[in-house]
Amino acid sequence: MSFLGRGSSGASGGVNQERMEMAVQELDMVTDVFNRIVNACHNKCISTRYAEGDLNKGESVCIDRCVSKFFEANKKVGERLQSVGANAGQQGGGGLGF
Amino acid sequence: MDFSQFNSAEQAQMTKVIEKKQMQDFLRMYSNLVERCFTSCCNDFTSKALSSKEEQCMINCADKFLKHSERVGARFAEQNAEAMGSPK
Amino acid sequence: MSFLGRGSSGASGGVNQERMEMAVQELDMVTDVFNRIVNACHNKCISTRYAEGDLNKGESVCIDRCVSKFFEANKKVGERLQSVGANAGQQGGGGLGF
Amino acid sequence: MDFSQFNSAEQAQMTKVIEKKQMQDFLRMYSNLVERCFTSCCNDFTSKALSSKEEQCMINCADKFLKHSERVGARFAEQNAEAMGSPK
Amino acid sequence: MSFLGRGSSGASGGVNQERMEMAVQELDMVTDVFNRIVNACHNKCISTRYAEGDLNKGESVCIDRCVSKFFEANKKVGERLQSVGANAGQQGGGGLGF
Amino acid sequence: MDFSQFNSAEQAQMTKVIEKKQMQDFLRMYSNLVERCFTSCCNDFTSKALSSKEEQCMINCADKFLKHSERVGARFAEQNAEAMGSPK
């Protein structure tokens, strides 16, 4: 999964709790992104008339392009965030400074 | 995701975490689907029972949502594989 | 609570951690469903003019029917999910296969 | 929910969990209510203070939301009791 | 942070786990409220044309007023909740009675 | 927030919790931003690549969202300081 560029330096034997936590966090984020794509592309591509239960041709093609476009858009934003503030991650995104 | 650098204890723990999350994700998907389809399909509140038209709409909506999710999942996996392949 | 048909085989004495986790998960789901009904039926039944603080007759009746209908709709979808793929639960709903 | 098959240690733990969740749910309901009512009631940003009209709208909206939640809660409990009664 | 009027009576030495939990809960709530303000005021103030990346004058002024108004609205609702049912907190907001 | 009455062990634990939350908040803000900007900027699905117009829109939207969040954060901190000052 490449939304983040985190490298994980390992331990050997036993459970490295920090590494587990990072993996769980990454898993949560991938799931979150997936759910957002499902939602965004459903809104963009699926007619809400529901006259039938199958995806028609137009919807199927739209979904493929939508997912692709979302990844590109995601990458663009990621690059932008990195260039705007290389340290935005530590600052919580310009939000609340506790 | 690549868990290949995990040792066996870590992989075992991760498997349990993933199983638990899949259950939670499935349940969230389920109630999300119901809310979304209900919002699209049910607009007549002169009756408390689902009309046959509303019922058909719910079933089509659920079927379509599952197929949509599957298709997004397939594309998502491809894009991820691609993204993993090139930069790292 | 019957959104799920989970049976729980018990232990006797001490805290069965797995059973607790399932109960908490069920609790979370009931709360989630409740919040979605509150949201969906608010959108369907409550006028956003807010000329008064009481539910009028029409809104009250609408809420009763809306909750009833939501339960029926929920049941229909549940039956559908079971018939589409008896094992959809294990597959994460046709989504991400980690 | 039926916790009758729980032993006393489990019931005690569950009670703590439920109390904690009720607090969290209340807080989430609160901020959700504020956001929802703010979105419906406040549309004039030529001033930073709530107008008396906006204020009345917020209060009516909050009152109505609470009554709505209560009514949904009552129906929800009935439906659940019914659903528990028949299949199991 | 004053959305809640919780007083915390302390312990001295070691980690008071209950106090930590309450602090984390408060932190979560502040973050939740912040995110809701970001969302609500974005919807109220920011044009979705995105012809430029800077906030224009009108948007900036609107944001300042919007945050201010949100705090006032939040306070009004808080007062109302307290007067409607002083013990609403224990009842879960008129919702699910488990 | 005021953690001044915390002892050093508690402050250390709180710092770890806050750091973890900030990471999570940043990631959620990121994916929320992408979804929001995508929804506003991308409406042409005759192609799978971002058009240059869509790309510019995404960048402007991201920039604007960050500036918006920062400004809200600044006002939020002021309001909070004020609210802390008077009642307590």
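In order of appearance the chains are A, B, C, D, E and F, and numbering begins at 1 in each one.
One rule holds in what follows: contacts are C-beta pairs under 8 Å (C-beta built on N, C-alpha and C of every residue); 3 or more make two chains touch, one makes a residue touch a chain.
Source: prediction; values computed, not measured.
Colleague: Rotation angle for the CA superposition of chain B on chain F, to the nearest 5°?
Modeller: 120
Colleague: If you take the mean of the Cα atoms for each chain, which one ends up farthest from chain C?
Modeller: So the chain farthest away from chain C turns out to be F.
Colleague: At what distance in angstrom does the C-alpha mean of chain E lie from that of chain A?
Modeller: Centres of chain A and chain E (C-alpha means) sit 26 Å apart.
Colleague: Based only on mean CA positions, could you tell me how far chain A sits from chain B in angstrom?
Modeller: Those two chain centres are 14 Å apart.
Colleague: Please tell me the distance, in whole Å, between the geometric centres of chain A and chain D computed from their C-alpha atoms.
Modeller: Distance between chain centres, rounded to whole Å: 30 Å.
Colleague: Which positions in chain E touch two or more other chains at once?
Modeller: Residues 27-28, 30-31, 34, 38, 45, 64, 68, 95-96, 98 of chain E touch two or more partner chains.
Colleague: Touching at least two other chains at once: which residues of chain F meet that condition?
Modeller: 1, 18, 25, 37, 41, 59, 62-63, 67, 69, 72-73, 76
Colleague: What part of chain B is in contact with chain C in the complex they form?
Modeller: 1, 18, 20, 22-35, 37-39, 41-43, 45-50, 54-55, 58-59, 62-63, 66-67, 69-70, 72-73, 76-77
Colleague: Write out the stretch or stretches of chain F touching chain E in their complex.
Modeller: 1, 3, 5-7, 9-10, 13-14, 17-18, 21, 25, 36-37, 40-41, 57, 59-65, 67-69, 71-73, 75-76, 79-80, 83-84, 87-88
Colleague: Show which residues of chain A lie in contact with chain F when the two form their complex.
Modeller: Residue list for chain A touching chain F: 4, 21, 25, 28-29, 32-33, 36, 39-40, 43-45, 61-62, 64-66, 68-70, 72-74, 76-78, 80-81, 84, 88-90, 92-98.
Colleague: Hey, which residues of chain A end up touching chain B in the complex?
Modeller: 1-2, 5, 8, 10, 12-16, 19-20, 23-24, 26-28, 30-31, 34, 37-38, 41-42, 45-46, 48, 50-55, 59-60, 63-64, 67-68, 71
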